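Note that chain A is present in both complexes that follow, paired respectively with chain B and with chain C.
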Partner chain A sequence: MTKRKPGFIIVDILYLSIAILPLLFGMALKIFTNPAESGISIHGARIFFKAPFILGGIVITETQINSLVAMLFILGMALFLTHGISKIPNTKRQFIAEWAVSKVEGLVGENMGQSFMNLVPFIMAILSLSAVSSLLTLIGIYPPTCDVNTIAGWALTVILFIEYYRFKCGPWGFIKSFLEPLPPLAPLNLIGEVATPFAMTLRHFGNVLSGSIIGALIAAFTAYVSKTVFGALPGILSEIPFFQIGIPAFLSLYFDLFSGCLQAFIFSMLAMLNISSAFDADGFEKRRAKREAKLKLAASQNSK
Partner chain B sequence: MFTEEALDIISINFWNILIALCNLLIMFFVLRKVFYNPVKKVMDERKNDIDKQYENARNTQKEADAAKTLWQEKCDNAENEAQKIIDAAKEKAQKQSDGIILDAKENADALIRSANASIEIERKKASADIKSEIADVSAAIAEKVLGREINEEDHKDLIDSFIDEIEADNDK
Partner chain C sequence: MLEISIAIILSCCALGAAIAALTGIGPALGEGGAVAKSCEAVGRQPEAKSAVTSTMIIGCALAETTGIYALFVAILLIFVAPGSFVNILMNALGR
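The block that comes next holds the complex of A and B.
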């Protein structure tokens, strides 16, 4: 590695601080606002700000703050990884960036086809947001994926893309896509259309929520067991929850780390499949060919 | 500002859904601008470069192959040509030597012929001399034997026929 210029290092530090400082802020916020808990308490996100407004009022909770934290982290990492990128790689981070891009491109190309390559950043956004949000539990702050509103918002975004691609084949193609394979089945298609965001939302939300509930239960259970087993020990020794050392951390390896990444992957996979199945590539090609032919005809008539 | 309140475990709020939706869309555009496009651009540039270099290498290889076959042909031709030149030179030399030998033979034959001719002349001359000598001598002998003078002019024919007979005897 060649020696870097000081300016380069300063910009690096800036980008890294964009990524790291929000995490520290989130942890500080959690420490300063979290009241002491005793026993099992399973609840949603803590409310920071509440204002009466139409449609249920504006409620700013940990979810929104931590979403912002996750977004800033991703932005900082993206800036850091692409900093100093060049045609001939001279930084190690460029390999990571190119690996990520080529992996997601491979995923999209495999599951959706080459006509969806402009959706690669979208899949990247879903993957990174979902994974980073779930992994926020590792530093002890509330994961936004544990809030059903977050996942619902993402599922609705996916629906926006689905309908956009459905409409690309024209209004008639949009209507026709509901009449397949037989016109009488149109209600079922409509129900399926509405069910998609619900299914995607509840799958992701349920998995993360169950993970966090099981985590809380195990923490309480290990505390109880160590109290009963070591409660007879004299003095301060009886206060130390020995079973809480190691076991919850090991289990959180699955529920937080593995499950978090897996759910991100599954959610993006479902998004890809739903979007690509909504798009009638052949119909779109036909429509475009027809339009081009019409344009050519008009041009030739104009030239006459 | 901070409250002790917390949401229920499942609580739907329209604005929060909208915020999450906007977050994802913002992330989509930001990642496209900040991460995907620069990386993709660099990768494409590199891919184009590599393709170009491969193309160049292929073209150079083709040119080299063509040049090689050309030189091979030229080398083969040169060998043939050299062989031809050598053959032509050999032929020419052969012709020249044959000519020289022929000339020499002709010269020698001419020389021999002229020598033979001169020998013949000399011989004839000598034999004529001898003839006249013999005629003189025989005339003198006959004068002595006959006791009278013999006119050489009168008996010339006789003497000549005699000498010819002797010559014929010698020749046998």
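The block that comes next holds the complex of A and C.
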């Protein structure tokens, strides 16, 4: 371990504050704007601000604020982990960063092939954003993945990539990819094309939403049980919900921690599989060879 | 009369949500089969454990789709449908 300069440490603290301060801001916002709740409360994102504009106005909700919190956290962590990297890794943070990047590179190389290595940053971004957004429940603030619009946006970026890779074989290849295996099946292929982002959105959103609903139900149920069991106790003892200590936290270990990470993995995995299955590698190679032959022919004719 | 109609609408929405939740049988059986087969596969070939596990997770996610759709139907029936049905009733009655 080499001795670090004070400037290095100051920049480190700056990067860490980029990561941590938004989280504290989100928690403060939640504490100060949330009204006290009792019983079962299942609601969508809270609306902070509504400005008049076309199409019903610009609405600033908890979802947008918390997505920004998650993004700033990822940005701060990325800056912190890659700060002061060297060619030969000798710090812990560089090992962590290299481990994460090589994991995603291995995932992409295994599932999509070596020709898709330029998609590693995109997959990494989706994976980390989804995981961090889902894990925001651990500090008690509203997860952006609990709002269907967030995931619909991600699925739209994925469908853009799918169409881009479909179009790589040229306009005729793009049309022909819908006529397979038989031309009469084109409507079904079109429906499948629309269903892909829809199903991806609903799968991720449904899992996170069902987790949050079950969490709310369990919290309300444990409060009710402790009220009936300990309600006869004298004084302030009857007010304390004993069953609410520990049990909801234990269950949120599955619903928030495990399920959140698993859904991030599944979403990025499905994005990878969909994108790589849209790309016709053989057709692309054939087209490129044909074009090169044509260029060579034109060049030889020009030189004559 | 109006109260009875609204009560029927609300109770039918709740019943419909309960019936939609029965769809959970399908994904449960499917995922159970997938996990059982992947356990067998790992037992037969322990060196292929990571590949089998990731494939199983993707398969489970795909099998879960119908369950998620059922969840959506149930949520719509509980949170959205009663209001819109009561509105339709009110409009039909001209109130």
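The criterion applied here is as follows: the second predicted complex is superposed on the first by the 301 of 304 C-alpha atoms of A that agree within 3 Å, B and C clash if a C-alpha of one lies under 4 Å from a C-alpha of the other, contacts with A are read in each partner's own complex, and residues count from 1 in each chain.
Here is the rule we use: contacts are C-beta pairs under 8 Å (C-beta built on N, C-alpha and C of every residue); 3 or more make two chains touch, one makes a residue touch a chain.
This structure is a prediction, so every number in the text was calculated from the model and none was measured.
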Touching partner for A:F284 - first (chain B), second (chain C), both, neither: neither
Comparing the two partners chain B and chain C, which touches a greater set of residues in chain A: B
Which superposed partner A:A199 touches (first chain B, second chain C, both, neither): second
First, second, both or neither for A:M269, with chain B first and chain C second: second
Partner chain in contact with A:I47 - chain B first, chain C second, else both or neither: first
Partner chain(s) touched by A:T150 [first = chain B, second = chain C, both, neither]: first
Which of chain B and chain C A:L209 touches, first, second, both or neither: both
Overlap of chain C and chain B interfaces on chain A (superposed complexes): 209
Touching residues (chain side chain B, partner chain A) in the complex: 1-32, 34-36, 38-40, 42-43, 45-46, 49
Parts of chain A lying in touch with chain B, wherever the complex brings them together: 33, 35, 42-50, 53, 55-59, 61, 63-64, 67-68, 71, 74-75, 78-79, 81-82, 85-88, 94, 97-98, 100-102, 120-122, 124-126, 128-129, 144, 147-154, 156-157, 160, 209
Chain A-facing residues of chain C, complex: 54, 57-58, 61, 64-65, 68-69, 71-72, 75
Touching residues (chain side chain A, partner chain C) in the complex: 199, 202-203, 206-207, 209-210, 213, 262, 265-266, 269-270, 273
